[in-house]
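Okay, got some structures for you below.
Paired with chain B in one complex and with chain C in the other, chain A is shared by the two complexes that follow.
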Partner chain A sequence: MFLEPDEVKKRIEKIREEIPRSVFSELEEELSKVEVTEEELNKIIEEIKRRYDYSLVEPGEAVGIVAAQSMGEPSTQMTMRTFHYAGVAELNVTLGLPRIIEIVDARRVPSTPTMTIYLKEDIAEDREKAKGIAKKIESVTVDDVIKRAEMDLIDSKVTLILDEYELKRREITLEEIVEKLTPIKGVEVEYNENQISLKVPNPSMKELRKVATRARGQYLRGIKDIQRVVMRKEGKEYVIYTEGSNLKEVLKIDGVDITRTKTNDILEIHKVLGVEAARNAIINEALDTLEEQGLMVDIRHLMLIADMMTVDGEVKAIGRHGVSGEKASVLARAAFEITVDHLLKAGIKGEVEELRGIVENVIVGRPVRLGTGMVELKMRRELEEKREEA
Partner chain B sequence: MLKLTKFEKARIIGARALQLSMGAPPLIKVTGDEVTPIHIAIKELEMGVIPITVKRKMPEKMELGGE
Partner chain C sequence: MVPKHEILPKEEVERVLEKYNITKGQIPKILESDPMVKKIKAKPGDVIKITRKSKTAGESIYYRVVVSD
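This part shows the complex of A and B:
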C-alpha cells in the first residue's frame, strides 16, 4: 500500500513552487526516510500548505508597529546588567539592553568592539599556527613591554625600563624595540641589558615629555586598534577573539578565514563589506543579543528593522537623526519630535504634504491606509448580470 | 473565487451589515440563530452571494531620492 519513492517524488513536485525552498527540501529529505501511503501523503501536503499560508503576512498588516512592539516588549524584560563575560575567559562584551540600543542607534563605534576570527580549515586545528596568527594580530606597543619610563632632566634623556617577563611572553627582543625607536626625530638611542635611553638634544621638560609619550605609543607589532587577543578551542578548531576591532587589516592576514570572520562593529562592516553585509550584521547582532538574554523574537521583525535602517545604502539610526527624523512627510516628522521647528522649516521651504503615510492621516482625521482602511470596495457586476439572466 | 485577506473580509462584512441594518433584504434564508445583521453578513459572505468585491491596487511607484 505504500507509495513508491518515485511516485512520492512526482507528487511533491507539484507543490515545489507553492512553498519556500527550505521547507520543500526538508519535506523531500524527511519523506525519503519513511514510507507513506497515498492518504498520508495527501494529508502531509495539505497540512504543510495550510501552515505555510497561515504563517504569511496579509497585505495591510501593520508590520512596522508589530515589529516595534515585538522588539520593544522583550527589551523591557532585559536585565540592566551591562557587562557580562560572554563565555570567553576575561573578554568583556556589552550585552543586553545597552547593546540593543547601540545597534539600533547605529553608533559610530560600539562601546566594546570585538572580533571573532576564524582560521582557514587547514590550520584551524593547529595550535601553534593559530598562536602565530594571534600574535600577528595583537598589537603591542612599547608601553606594553616596559615597567616604567623615567625622565631625567639633568642628562636630558628618557629611560625605558623593560619588563623582561613581558618581553619573553610576547617574544620581542631588545633589538626590535631599538630598531622601532631609532626613527624618532632628533633622538639618540642607547641601550644596555634591560634599559633603553633616548637622549634628547635640547633639554626641556616639554621636549622630554613629548619624546616619552611618543616612545611609549610606538607600535612594535600587530594590528592597530586590537588591544587584546584570546584564543579558544571550539570543537576541533581554534578561534581567536579580540578586544578592539580592525576588520580591514585582519582580513588581509594570511590564514584568516575571511568568510566567517566577523566584528561587532556594524559601521565598520558597512565600510569594509558593504550595506548588505551591514544589514545581515544588524540582524545577527540583535538576534544574538536577544537570544543571550533568553528572549525569542521572530527574525522577520529584526529583518524589517535592519531593512529600514539600510534601505538607502547607508546605516541610519532609528530615531531623531535617522529613520524617524528623515521621513518624507512634514506632519509625520512634526508628530515625532520638535513639532514647531519642523512645521516652521517646512513652511519656509514650501514643502508639500502628500498625506500618504499613517501618521499624517491620523492627524488630518482621514482613514489610514492600513488594514481595513486600505480596502476599497466595488460592486460585483457579474452577480447582477447573473440575476438578470435568470 | 479570489481569496480575501482578513481585512477585506472585515470590510465587506461591515459594509453589508450596514446595508442589512438599514433594511436591505437578506440574500439568504434567515433561520433562527443568525439574527443580527453581522451574522447574516458573515453567512452571506461565506456563501458568496454578497454583490461586493474589492478593488486591489498595486503599490504606487514611489519616486526615489526624495527628501
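This part shows the complex of A and C:
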C-alpha cells in the first residue's frame, strides 16, 4: 500500500523544524518523484534524522581552532603580490593574502575600494542608458578638465586653461564650469573660448593660492570618492566597476539595482546596510579572494569567523584591537600579545581569572575544557559508601 | 545582501531562550543605530529574528538582541 502524496507531505511536515531547510526541500522533491509505503517513509525519515544528527559538530569540538587552521594553511600558499589586474579592464584590486588580512583586520578603508554596480533589468542591456548612469556616478572635478592653472599676481587673477579634449570626452561645457565656480566667495569670473579667469579682490599670493586650490577641487558632477568608472559587458548586461566607493550615494541613483550592487568596503556596508549585510560581505569577500587564488576553504569556517567578528553588532577585527584583545580572561589576553601590559593592568585593576578558557588552563597546567575535558564528573557519595560496606 | 529582520514577539523570546537554555545577554547583539533596526523600529531590549539565506542549510534562523550604543 503506497501512501497518498498528501499523506507523505503531512508526515514530513512534522520534521521540518528538525532538519535544515536545504535537506528538507531535497527530501520533499525526491519524495514527490517516487511512491513509498508507510514503513519505507518512516525508515527514510529515521535515516535522515540519524545522518543529520551524525553530521552535527560534537559538543566541545574546538571549532575556532579548526577554522583558524583551515584559513591559515591556504593563506601560506597565497601570492604575496599585492596588486593584480583582476581581469576587469585596468582596475586595480587588492587580492590574495593582503586582502584576507584587510578583511579580518576590519580596516577602516580598504586599500583599493571598488564597487560593482549592477543595473535594473529593464535598462541593463541598454548601452546608452548604462553609459548615462556611469557618467552620473563618476566624479569630475575642475582639475580633471584643465590643462593647468596659472596664477597672475600682477592682474591678481587665477587663469584656468581648459583641456578641450577632456571637456569633449566627458561632455562638459564651459558654461557648466563657470556656473559651478561663480559661488566662490569674492571672486569675479570671466571667461572666453578655452580659459576661465577668476579675479581676486585683494591681491596676495596667499589669497591667489587659496582660490586656485578651491577652484581646482570644485566638483562638477558625479559622486564624491568615485574616481574612475569602467563599464563592462557581462553576458548580456552592462556592469559598472568603479575605483573608489560610496555605497550610500550610488544606491540613491535611479536605475541602479540595489539588491545586487556591492562594494568591497565592509565597514561602509555596515554603516549603510547593517551588521547582517556586513557579515554576508565578510563571508563573500573572503570566499571570493580564496577562490580567486584557487584555494578551497569550507564556507562554514568563514561563517564562524564572520559571526565572531559581528557578535557585538559592529564589525570587530580579529586580533589585538578586536576579538582577541577583548577576551574576558587576563591570561588569555596576556598569552596573545603585549604580555606585560596586560598582566600589569590586570594587577592594578584587581581582575579575577576564572580559568575557563583554553589558554589559561594550559598556562596553569590544568586539563583543558575542550572535547572530553568539557564534562565534569560528580560522584554520588552514598553509592560509593554502600559499595565499601558491601 | 540584507536578510529578513523581524521583531520577535515577547512569548517567542521566552520560548527561544528556553530552547537554547540561555539568557538575553548571551544572544548576539545588534546596535540600536543599525539601519535595519531603525527600519523595523525596534527598541533596545527587543530580540530580532533574522532569517538568513545560508549556502549550507538553505535557510537559517539567527537572533540578535538590540543594544543601545
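Worth pointing out:
Everything that follows uses one rule, which is that the second predicted complex is superposed on the first by the 323 of 390 C-alpha atoms of A that agree within 3 Å, B and C clash if a C-alpha of one lies under 4 Å from a C-alpha of the other, contacts with A are read in each partner's own complex, and residues count from 1 in each chain.
Note that a contact is a pair of C-beta atoms (placed from the backbone, for glycine too) under 8 Å apart; a residue touches a chain by one contact, two chains touch by 3 or more.
These numbers were taken from a predicted model, which means no experiment stands behind them.
By the touch criterion stated above, A:Val364 is placed in contact with neither chain B nor chain C. Once the two complexes are overlaid on the shared chain, A:Ala328 sits against chain B while remaining clear of chain C. Of the two partner chains, neither chain B nor chain C is touched by A:Ala62.
Legend: residue contacts after superposition of the two complexes on their common chain; A:Met296 is shown touching neither chain B nor chain C. Look at A:Asp307: by the touch rule set out above, it reaches chain C but stays clear of chain B.
Touched residues of chain A were counted for both chain B and chain C, and C has more of them.
By the document's definition of touching, of the two partners only chain B reaches A:Leu377; chain C does not.
Of the two partner chains placed around the shared chain by superposition, neither chain B nor chain C is touched by A:Leu153. Residue overlap on chain A between the chain B contacts of one complex and the chain C contacts of the other is empty.
Of all the residues in chain C, the ones that touch chain A in their complex are 1-3, 5, 28-31, 34-37, 50, 52, 54-60, 64, 67, 69. Against chain B, the residues of chain A that register as touching in their complex are 58-60, 326, 328, 356, 371-372, 374-380, 383-384.
Contacts from chain A toward chain C in the complex involve residues 20-25, 259, 262, 269, 271-277, 280-281, 299-300, 303, 307, 310-314. Of all the residues in chain B, the ones that touch chain A in their complex are 5-8, 10-12, 14-15, 49-57, 60, 66-67.
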